[in-house]
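You will see two complexes here that share chain A, one where it goes with chain B and one where it goes with chain C.
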Partner chain A sequence: MIVLEKRPQASQLWSLATPVVAVLATMVFGGLLFALLGTQPVEAIRTIFWDPLFGEFAFYYRPQLLVKGAPLVLIAIGLSLGFKAGIWNIGAEGQYIIGALTGAGVGLAFYPLEAWYIFPLMVIAGALGGWAWAMIPGVLKVRFGTNEILVSLMLVYVAEQLLASMSLGLLKNPQGFGFPGSRNLNEYESANSWINQNAGLHWGVVAATIAVIFAYVLLNRHMLGFHIRLTGDAPRAARFAGVSPGRLVLFCLGTSGMLAGLAGLFEVAGPAGQVSIDFNTGYGFTAIIVAFLGRLHPIGILLAGLLMALTYIGGEIAQSQMGLPAAAIQVFQGMLLFFLLALDLLTNYRIRLKSREVA
Partner chain B sequence: MDLSQINPILLVASLMVAATPILLAAIGELVVERAGVLNLGVEGMMITGAICGFAVAVETGSPWLGFLAAAIGGAALSFLFVILTQFALANQVASGLALTLFGLGLSSLLGQSYVGIKPPPTPDLHIPLLSDIPILGPVVFSHDLILYLGIAIVAGVWALLKFTRAGLIMRAVGENHDAAHALGYKVVRIRVMAILFGGACAGLGGAYISLVRVPQWTEGMTAGVGWIALALVVFASWKPWRVLLGAYLFGGITVLQLNLQAAGVAIPVEYLAMSPYVITIVVLVILSADKSRAPGSLGRIFHATS
Partner chain C sequence: MTILRRTLLAGAAAVTALGMATAAGAQDDKTKVGFVFVGPVGDGGWTYEHNQGRLAVEEEFGDQVETVFVENVAEGPDSERVMTQMALNGADLIFTTSFGYMDPTINVAKKFPDVKFEHATGYKTAENVSTYSARFYEGRAIQGLIAGSMTESNIIGYIGSFPIPEVIRGINSAYIQAKKVNPDVQFKIVWVYTWFDPAKEADAAKVLIEQGADVVLQHTDSTAPQAAAQTAGGVYTFGQASDMYEYAPEPRISSIIDNWAPYYIERTKAVMDGTWESVSRWDGIAEGMVGIGEITSAVPDDVKAAALEMKDKIASGEMHPFTGPLKKQDGSDWLAEGETADDGTLAGMNFYVEGIEGEIPQ
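Let's look at the complex of A and B:
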């Protein structure tokens, strides 16, 4: 009979190995899925994981890695702080939309003025927008004890409706011939988040890098980071140590909302270019996978974000070259999270074979 | 604006139809939570049920086989949740999210070739006498079988929890799994059954959307109904009849805002469309003051040490 024995301490080795094993397992089972869909499995896996990096057109795809990875890392870093403390913000998608709306709104308000201060103001507005949207579940949780999971998620649907309303109304391009969507910010010099478009470099990449460093220092060198970890591991002990749960909730939700808002702003002012009805593409949800795949550790999240960006890009290539359906990549990403959560067992438990004892 | 266009009889009849998916998903989740498990994957199981039911109904031409397939599909997806949380002892919140993300992807993969097809109609019942009562007949007694099945499940769950030994054992497992284990009850086995039941109900609810309420298949068509169902369980303080009440309340809001959209009220469509979600939040705030009724072991991992 198989018996699970709790380890006195989480295994360091398995904690590092599970993401790798999970990725490998996902490749195997993903390959089976692709085979079922009638594509060559080995070919598909190679197209997804190898071609964007080392294939013939890698010079085009490599910059895309930064473009797609930056928002994922930025959002996931924020989410990981809360997840560590058992505070579940799963509405990052909504905060991402609101950040894009407020940031782009400020930028468009200045149109056609060209000035150096416009972009910094947009960044502040985007961060504040995401922060404020995340503070709704935060304040409700602290004040009324409302479940932050449900409230933050409900607000995603509200934000999506707001986005539709804004791109059809307030932020609509007055010279857009009646088409929905705002002015293109890429054609507006002062409100542009690109640094070097050919290298895939925009201010979101810079912000994501800073966020990784900031989170690393916070969690390893700062009292607040210690409190976050303590609350997640032993909530009762944390309360005896004088941690205020309410303030922690507000900090974690606020920070993750702010980072998600920033990600939205950098996206709308760069790769997306404009506010449109289908502006959001699910980064806020994929970032949840990124946060877990990176084991809620800043460096891990950086690597996981790049890997997930790779599956996005590779998925698009496989879609156009091999006719692999777009949804297959979504299934692939979901599968990854399953394997990760299941294999986590090995980190915290030892599996022993025992003969059944007679009671 | 012309509010006289809104027909109250049709409004109540369509309210019952709009409420049924939420009702089915919520009563399933209620059983799961009373057994002490928090499954946040309701949305994923619903959308999987929606496409399984739709595909089978289209292929076989029978809506009933479709509903059966939806229940099986929902339960099959929830079995992944069983493996993760009951055997691999994974965090229930994270596993539930994984289930939803996976379910959304899987459903759009399965549903590719079913976009724009009409499913076979689900026949409405005609109950002799009852259906012929003026006003009340067409409003309450002339729906399809699944709608009444939903109400029957609520009654069944209520009776199970209140009057039977099995219900008592399930509640014990949910309130304190360690004590229940010490008394010799099979905690994991009971929870597995509860989760599978919840999955089947969510699948049925999803299929009700794709086969009756809409009826067609579009990607992500459940649009947060699964999450509203989760909120509804909290709203109902984990009591079956209150789930019914809450589902009809939300069904009413949904139908009313659709009617207001059609009647051309001066409020923009987007703001009407966001109202069910905003009202869910408001209701959650009002009711979350009373947390005492939540099952004691809700969301905690059970690991038998001996």
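Let's look at the complex of A and C:
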């Protein structure tokens, strides 16, 4: 009989090995899925994982990895702080939207003035917008003990309605012939987050890199980081060590909201270019996968974000080159999370084969 | 070719390299046509019909063409990447089939001057970017006539996707004709802010039916509202974008069918012949881009006859769905007696006609 036995201590080896094994298992089972769909599995896997990096047009796809990966990493870093401490911000998508709205709103308010201080002001506004949106579940939790998972998630839908309203009303392009959507910020020099478009570099990429370093230092060298980890591992011990749970909730939600807001601002002022009804494409939710895929570790998240970006970009190539349906690619990405969570079990438990004992 | 490849691999000056890559791609003899889809090809509506157009191109030209497509492409930066990727891989002609692909199409077209682009339902063109759309409002007028005649509660539900001119035009067109045959008719409009989301569309249909609507019109792409109407019973619907005939004879009593095949074949041919030029095409019932699906036995004969007569009159140009006297919702004059709306006003329509209740979301 197979039994699960709790390990006395979480396995260091499995904690590092599960992401790699999960990726390999996804390749194997994804390959099987593709084979069932009648495509060449090896070629499909190669198209998804190899072509964007080393294929004929890698010069275009490599920068795109940065564009697609940066918001994922930036948001996931913020989420990981809370997740470590058992504070569950599921509403990063909403904070991302609000950050984009407040940031773009400030930029558009200055149009058509060109000045060096506009973009920094937009960055501050975007960060504040995301922070404030995350403070709603934060304050409600601390004051009234509400569940931050539900409140933050519900606020995503509120944010989506706000986004629609802004695209149709306040932020609508006055020269857009009545169509929804704001002016294109890519055509507004001072409000543009691109550094070098051909290299895929915009300020969001820079911010994501800084966030990774910042989170690493915070978690490993700073008292606050120690408190975060302690609260997650042993809440009672944390209380004795003088950690204020309320302040920690506000810090974790606030930081993750701020980073999500920044991601939204950099996206709207760069790759997306404009506030539109369909502006958000799920980065806030995908970042949850990225955070766990990266084991809530800053470096891990960086790698996981790039890996997710790779499956997106490679998935699109596989669709148009090999005629794979979009749903197959989504199943493929879903497998990745499934295997990760399933294999995660091995970090805390070990599998034992036992002969059935006679009663 | 090999020299080109090497320059590409060097990766320097990506923009110029992009242009060269297309030059290389254009050398093979097959014409490559790409399609960017906003929904899944199995949506049974909008994307389904565009994909039918793609299949028609394949059938028409056989070995001379190769078509590729990517479905479920989010509007925004993702679509820009998908288009670039198609162009890099040697597409000669790319159809981008949703309004939200407008700016991305223009951006990518700038980088690939030798690739032709066709953007559906937008208003921005360039030397290598055409726009095309169908005069769906012509079909809406016929729907309005049937809906106005069929309703007993005098409440007609309308599922709107986004409050953009195309959708508002459809609402106005249907309302004008419904009001003509039934002066007591009232429109209830629900905005779902999506082109394709079966769950949201079904919810919207249920809400409308609960509010007393016994005819539901939709400007979204899934068959979910049809299913909701079938469950509720005694509610009529119309197929949208696609025939949705699996719900006939009721709830589905007729439909507007988008027929992109002739246009796609014509434009592909133009690229093959080297005669492609940037155009802004807006075709309707007369040209066959807008089709009216079979009016089922659930509709009384006289209503059916009136609907078909209207169809013929629109096709022959004898009738325009927007003919004065018409006022705007706020009571101000729009069209004088006998005057018809010009295409410019129709293209940017952002007001309801007199009689429709509610406000266009701002």
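Quick note on the criterion: the second predicted complex is superposed on the first by the 353 of 359 C-alpha atoms of A that agree within 3 Å, B and C clash if a C-alpha of one lies under 4 Å from a C-alpha of the other, contacts with A are read in each partner's own complex, and residues count from 1 in each chain.
As a working rule, contacts are C-beta pairs under 8 Å (C-beta built on N, C-alpha and C of every residue); 3 or more make two chains touch, one makes a residue touch a chain.
The structure displayed is predicted, hence computed values, not measured ones.
Peer 1: Given the superposition on chain A, are chain B and chain C in a clash or a fit?
Peer 2: clash
Peer 1: Name the contact category of A:F251: first (chain B only), second (chain C only), both, or neither.
Peer 2: So A:F251 meets neither chain B nor chain C here.
Peer 1: So, does A:W194 touch the first partner chain B, the second partner chain C, both, or neither?
Peer 2: Neither: A:W194 stays clear of chain B and chain C.
Peer 1: In the overlaid three-chain picture, which partner chain does A:Y60 touch, first (chain B) or second (chain C), both, or neither?
Peer 2: In the superposition, A:Y60 touches chain C alone.
Peer 1: Would you check which partner chain A:F279 touches, where first means chain B only, second means chain C only, and both and neither mean what they say?
Peer 2: second
Peer 1: Counting only touches as set out at the top, which of chain B and chain C does A:Y96 meet: first, second, both, neither?
Peer 2: It touches nothing on chain B or chain C.
Peer 1: Output check: A:F266 vs chain B and chain C. Expected answer is one of first, second, both, neither. What do you get?
Peer 2: In the superposed model, A:F266 contacts neither chain B nor chain C.
Peer 1: Counting only touches as set out at the top, which of chain B and chain C does A:P325 meet: first, second, both, neither?
Peer 2: both
Peer 1: Touching A:L345, do we find chain B (first), chain C (second), both, or neither?
Peer 2: The answer is first: A:L345 touches chain B but not chain C.
Peer 1: Identify the partner contact of A:S165: answer first if only chain B is touched, second if only chain C is, both if each is, neither if none is.
Peer 2: After superposition on chain A, A:S165 lies in contact with both partners, chain B and chain C.
Peer 1: Which residues would you name on chain A as touching chain B in one complex and chain C in the other?
Peer 2: Common to the two interfaces on chain A: residues 164-165, 168-169, 325-327.
Peer 1: State the interface residues of chain B toward chain A in the complex, per the touch definition above.
Peer 2: 40, 80, 83-84, 88-91, 93-95, 97-98, 101-106, 108-109, 112, 219, 223-224, 227-228, 230-231, 234, 268, 270-271, 273-274, 277-278, 280-281, 284-285, 288-289, 291, 303, 305
Peer 1: What part of chain A is in contact with chain C in the complex they form?
Peer 2: Chain A reaches chain C through residues 56-61, 63-64, 67-68, 160, 164-165, 168-169, 172, 177-180, 184, 198, 267, 271-274, 276-279, 281, 312-313, 316-317, 319-321, 323, 325-327.
Peer 1: Spell out the part of chain A that touches chain B in their complex, as residue ranges.
Peer 2: Touching chain B: residues 4, 6, 37, 83, 88, 90, 136, 140, 144-147, 149-151, 153-158, 161-162, 164-165, 168-169, 285, 288-289, 292, 325-335, 337-338, 341-345, 348-349 of chain A.
Peer 1: What residues on chain C touch chain A, complex-wise?
Peer 2: Going by the criterion above, the answer is residues 5, 8-11, 13-15, 17-18, 21, 34, 40-41, 68-78, 80-82, 84-86, 88-89, 99-100, 103, 123, 162-165, 193, 347-350, 361-362.
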